[in-house]
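Reviewing the structure listed below.
Chain naming follows the written order as A, B, C and D, and within any one chain the residues start at number 1.
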């Protein structure tokens, strides 16, 4: 049953995201405003019931309410109610998009847990290097942006230092919108240097993460040989659902679990 | 003979693709409509005969007809006939471009089979990681797109959430058309963050594939030492043509083959 | 006390950078010109005092004055005074942005020293390769730019060879502003080749740095096993401040240091 | 003397390239046409003398004349003469830019030979993989371009299939000019897919080259241990100049060489 509940949740979340998108398209909203609003109410009521049910059923509700996913659940459910209570709170309706983050909670427990954690580990290991890298990029952008502000005229779009820095980052990351572009010869020459720099600099984070992944893979293979079990739980094909323990509010129980794996509390009284 | 037939096929396919392209250029189509149509008919009749010959010559024709390449052969041959039968089916003429996929069938058997399969393996091994990666990128795009929709005005091009998400992906992948570009200070600041994110995120798939290739290369070298034969068939310089066995419809026979390598059926009766 | 002094320095530097940025935004400068100028004077006087104090306190002041950071300190402090002395020297005010470089001096001693030096080493090891690479890219750009200048008309923006080279680099680095874009068929065809080249060429520096990082990591791990101490100084959590030795002008003393680690001079007399 | 001659050659080549660039800038050409033409004649006469001297001094002149660098030398020297003989041959003046390629001949013998050859080897080893990769990218571009041509209107710039393919490559390589950009919702959706594809696909060549470099580095280190001499010639600090043997026309002699290293011919009679 836990599995079916998860599937319904995912479908409702995706439906909800599509609804929010369609609402924002004027032509569609004008034509189908009623239908969209009706479906939105269905989804919101479902999530409201789920939210209340979670709070009631667990013994330490505050732990859940102030957890990351608890806050996400709240601010992605409340906006529709608020939009009727307060004028001008329609802006909050966009917060409903955070419902998407709930998919993380559901999916991470099912399928990708191993992969995602390896990815997380690789990023974690190269964290300081990446911070240094971003720091150098930022300093470079500020200095280059200031130089370009001095060289280029306002007509070309370099109206202030912050805007010139914005242009430098657009160039350095090879995005290149073209809304602001250098027009003087000197400006174009320096732009060229920034581009080649950006083109070369991109090698650095890639190199860092590549080396980290290669190292991580080596370690992963060694671990496998050692026969470690820790990360292999869901390789047995056992599904872990999002049901909460009513006592310690831990999630990720097996579908056939009777007691909570954490505190031993009975899951179905 | 199988080799020459393959060569003629490749030339006809390339000719056909060039024809389709030229037809779409108005100035050329107006001037040389007749010549283009004539050549198109030559190519189409050739492919029609080949298609029918294949069906007749093999004993299990349905297996071929509903195979991937069977469907490609059919939908890339039929449009010219349909355009005379039904008004408005000219749009289908573009389907003829799928003829290009046939080159895969011919070339993969000749030259690059080893390389392509190694590439496929590296991609296969890193599949789950790439799925997680694309998933994170998509969620990021939806949330960032919604935020940009709230911040930026409609004049800047952020007219709806789907369009803002489109802009976010354009920025995150460092494509940066510039058809939509942020104009407010806050919008430009968030755009900057998205760019740096995109610039950094690109390191992740590259790192994954690099590590996979490095690992694959190690394995490939070990395999070579073991003296494995499996992937080394066409290293002997033997050409494998696209002729079909009339009994089991397997392709990839040696030019000097008398019997099918799969079922032992006589290839030339 | 050295630690607090560093923190105040960082805050003042960041404040100063924000001030320079805000000054350049016309709307803000018109409104708050007085407040900005006042804060700017506070910051400048602080840096002036620090600069003079440094010169007075060390015994070999010229070594500091003509060192890299000495020059940076001078040219980022003097502009505000000059702007009152000479008309037209307002342009020099932008030099104040070089204050940002001072953060390098402070932070590199505190936190990222190990990481940054590894990064530097990887870049140093692959230096010649990168020079060859940039050289090939430049020659390619000049030749391709000249060809595009011949093919494309002036209306498309290819008004001179330098400008065409600028466009080639914009394309080769995948920035792609779109301020200059080919319009003829031949020009677009060659542009396509340049793009695919640029797309492929980016693999080269990434490959170089990745391999260097992977090799560097291996070495780093071996070093760790050898129990080397050299790079592990600040792993003990000891903070190294930017205070200068008055005798040999070395920086990077422990907060609790009494004598200079280099010459044995008493730090606080 | 060979060394000084090389240095003068490099300076003249760079001067010549700058001259060609300046000539193409209208404002400069109008003002300084005389001076530019005079300098151009100086450079051209120097290269003409060098070209004739080379032909006269070696015994097998035809081998040189039809070699790669022989052809480059010829077509980069002749245009100025032709521009006086034939009306309309001014276009050929741009060929003088090929003089830049001569720097390769000079520099490769001096400094970067080891680096460049390692780079060449890495590219050579991954050649077939890169061919397969480019092939897949091309087929993808043709099919995607055709689909976009069907979906998007002419107003958005998708006027013919070749132009749509051009757009697809602009998008796939993340260049993104923005001169052509999708406007319909479906078009933007498919554009999004192409971008993410391009963003992911870039990982493949990078991965290939990275793995090749990492492998190459391992091999290089092993070679060093074996004490191989082959690639270490110019590590002894011996300069190899571009002087030709008059008998076998081989280049790359030591400055202090008396006999040709290839045929034993006396270099200075």
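Note that in this section a residue touches a chain if its C-beta (ideal position, glycine included) is under 8 Å from a C-beta of that chain, and two chains touch if they have at least 3 such contacts.
This one's a predicted model, so the numbers in the text were calculated from it and none came from an experiment.
The set of chains touching chain A and also touching chain C is given as B, D. Just to note, of A-D and A-B, the chains joined by more C-beta pairs in contact are A-B.
Because chain B and chain D share one sequence, their contact can be compared position by position; here under half of the interface residue numbers appear on both sides. Note on A-C: across the candidates B-C, A-D or C-D, the interface recurring with over half of the contact pairs conserved by residue number is C-D.
When every chain is reduced to the mean of its CA atoms, the largest separation from chain B belongs to C. If you average the CA atoms of chain A and of chain D, the two centres end up 44 Å from each other. Computed from the mean C-alpha positions, the centre of chain A lies at a distance of 31 Å from the centre of chain B. Residue positions of chain A touching 2 or more other chains, listed in rising order: 162, 174-178, 202, 206, 208, 210, 214. Per the touch definition, chain B reaches chain A in the complex via residues 128-129, 131-133, 135, 139, 142-143, 146-147, 149-150, 159-162, 165, 171, 174-178, 181, 185, 188-189, 191-192, 195-196, 198-200, 202-204, 206-208, 210-211, 214-215.
Those residues of chain A that touch chain D in the complex are listed here as 174-178, 206, 210. Residues 17, 20-21, 24-26, 91, 94, 97-98, 100-101, 103-104, 107, 112, 115-116, 118-119, 122-123, 130, 134, 137, 162-163, 165-166, 169-170, 172-179, 202, 205-206, 208-210, 212-214, 216-217 of chain C are the ones touching chain A in the complex.
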